[in-house]
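These are the structures, in structure tokens.
Look for subunit A in each of the two complexes below; its partner is subunit B in the first and subunit C in the second.
Take a look at the complex of A and B:
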């Protein structure tokens, strides 16, 4: 009887200990762009969101996205592509923003960012996770962006100024002549009526 | 001798009245206007559609030449049609104008007066038909071009946009000028 109870107790304890994985935290990382359009030579904003799901703190969080945006094709304006945080508390949200400037146009693919962290301060074992990816994006040239979106008000005003003499001047000449002769004809009719 | 001269002068006036040929001055005026009106939209295509001259050089030259030629023809067609209509309308007014001038001059005879009326009527009709034809065709061409290029063909590539909008608006102006009676 005593042996049965001990064995059952031992079984319970081992089950509890083997379930420690559920109590560990897991980091969710999202990566997205805030821009509606990506244009060559204009700013591109990338936002990384890190969320610590689970009950424990994670330590030595390190995000590495240098491979997605090589300096040959992208100029880094604000922020770093390799940030580090000492800890992220349980249930905490963290965002990190990077501003880049694409140097070339065309289709570009940026892959996942790699995030490494430690689940406990004492245990140096590093957990690796990947962010979501943006996928293939089309970087349009500055010229195409201007063509589609800038307002061109001044261009239209100047065009109207250039084109109006071609229309207004002949109209004016014709109208003057027409009015002169119609007046003459109507005066003629008026005097005939009076007679 | 003077009779022969005056008959040939009458014939000349009649020929001038009924012929489609334009004088050199008229031709220069029409060609110049057509060239200017064809060239102005290029500026718009350069600035708004971002078509730079170095890469679209050939398209622009071709489009301008074609539209200049057909605009010229359209001006001439419309002028010829309008001239007769206007001449009929202005007959009375021109008569009155010439009578006023001749009222002070007692030595003039009826024949001279009639000649003068005919010449003056021709001049006035020519002038009004020319100016109206230029005004109307320019306005029609520019409106067609703007509507086609910035509304209908807005989302097509710049090359297609330019070539089709110039071709279609030129065709419309030309066909409209030949169609009227």
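Take a look at the complex of A and C:
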């Protein structure tokens, strides 16, 4: 009986202690790409979603993803890879969009973004969290993408130019002979009529 | 006894003003020094005349607050916006847009934090340590249709107007809050590729050629 009550009491205490984490906020960061295909020389759009779960505001949020996309392999077109927000209120859902252009094709790995923030304005203790990662991606060359998706107008024009001798040359022969024949036929009619 | 009174009066005057000052501005520093000096003089001269002293204090406090307000906020801001959005619907599965706002104030100050009102939600703008005058806003939509094409107006709020917005409880009060500025997001829409593919035109052209030849052939044979 005594043991039972002690165990129950210990269970209650542990539950109470574990629930103190509800007082603090936690920032969830997701990193996704909106692209269906990643193509060399075409835009790669990455969106970072930040969600503040929990009841309090987080301060001094800093997202650093410069190491995932070195400027040797990626060109930054729009946005910044190192944004910061001074405060994110409780329950707020933010998006940050970055547009890059891959310079090289092949398999590439983009790792987690590192996010640091402070849980309170006065306490300078910095909490560090990582975003989700996209992982290994295959960057296809521009030619592969064009083969599937470009409008092929130039290809058709070239095809017509190459196929036209096969069509135009026999047509020309036929047209000449037809004209000659019709000329002869009309001459014959004229002589017959004259007779 | 007289000296003690003067020092305590001085402390009473200085401590509230220190609570209010938090950002440096040369104008504010000058005004603060004027404030302290004048109130020190007043307390020295009219130590016992409480009414005059109170009046002076109120007037000086009002002047300081006005100077503080004018010195810190950004006046008549100019916005330069670069907006970018996903245009190709075959390359991307969802739509996303990003606005890069550069704010220029007449008095050379930066607004601090800016908040943007996107689709009813007010979120803070991102800044970057490498480019201090730029503010970034990102908008993401789950489907291509959700991101409205054309120009969408986005209202911007700075710290003061944002706190006024948070305090507003009713719908009318929320609308009455004057935003810091307004920018536009220009989304030209997504394209799914050309309406008619080039193969269609190729088939039509060659079909016509074939039909003409067939007609001639049947004329000759028939």
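Definition applied: the second predicted complex is superposed on the first by the 137 of 195 C-alpha atoms of A that agree within 3 Å, B and C clash if a C-alpha of one lies under 4 Å from a C-alpha of the other, contacts with A are read in each partner's own complex, and residues count from 1 in each chain.
The definition used in the following text is that a residue touches a chain if its C-beta (ideal position, glycine included) is under 8 Å from a C-beta of that chain, and two chains touch if they have at least 3 such contacts.
Bear in mind that the values here come from a model prediction, so they are computed numbers and not experimental data.
A.B. asks: Looking only at contacts as defined up top, I'd like to know whether subunit B or subunit C touches more of subunit A.
C.D. replies: For subunit A, the partner with the higher number of touched residues is C.
A.B. asks: Quick check for you: in the superposed arrangement, does A:167 touch first (subunit B), second (subunit C), both or neither?
C.D. replies: Both subunit B and subunit C are touched by A:167.
A.B. asks: Quick check on the superposed pair: does A:34 touch subunit B, subunit C, both, or neither? Answer first, second, both or neither.
C.D. replies: Touch status of A:34: second partner only.
A.B. asks: With both complexes overlaid on chain A, does A:47 touch subunit B (first), subunit C (second), both or neither?
C.D. replies: In the superposed model, A:47 contacts subunit C only, not subunit B.
A.B. asks: Between subunit B (first) and subunit C (second), which does A:177 come into contact with in this model arrangement: first, second, both, or neither?
C.D. replies: First partner only, subunit B.
A.B. asks: Quick check on the superposed pair: does A:99 touch subunit B, subunit C, both, or neither? Answer first, second, both or neither.
C.D. replies: second
A.B. asks: Once the structures are superposed on A, label A:146 by its partner contacts, choosing first (subunit B), second (subunit C), both or neither.
C.D. replies: Only subunit B; A:146 stays clear of subunit C.
A.B. asks: Check the residue A:83 against both partner chains and state whether it touches subunit B (first), subunit C (second), both, or neither.
C.D. replies: In the superposed model, A:83 contacts subunit C only, not subunit B.
A.B. asks: Touch check for A:159: first (subunit B), second (subunit C), both, or neither?
C.D. replies: In the superposition, A:159 touches subunit B and subunit C alike.
A.B. asks: Following superposition on chain A, which residues of subunit A contact subunit B and also contact subunit C?
C.D. replies: The overlap between the subunit B and subunit C interfaces on subunit A comprises residues 152, 155, 159, 167, 171, 174.
A.B. asks: For the complex, give me every residue of subunit C touching subunit A.
C.D. replies: These residues of subunit C touch subunit A: 82, 84, 86, 88, 90-98, 100, 112-113, 121, 123-131, 134, 136, 138-140, 193-194, 197-199, 201-202, 205, 209, 213, 216.
A.B. asks: Under the touch definition given earlier, write down the residues of subunit A that touch subunit C in their complex.
C.D. replies: Contact set of subunit A toward subunit C: 34-37, 39, 42-43, 45, 47-49, 77-80, 82-88, 92-99, 149, 151-153, 155-156, 159-160, 167, 171, 174.
A.B. asks: Which of the residues in subunit B end up touching subunit A in this complex?
C.D. replies: Spelled out, the residues of subunit B in touch with subunit A are 33, 36-37, 40, 43-44, 47-50, 90, 92-94, 96-97, 124, 127-128, 131-132, 134-135, 138-139, 142, 158.
A.B. asks: Can you list the residues on subunit A that touch subunit B in the complex?
C.D. replies: 143-144, 146-147, 152, 155, 158-159, 162-163, 166-167, 170-171, 173-174, 177-178, 181-182, 184-185, 187-188
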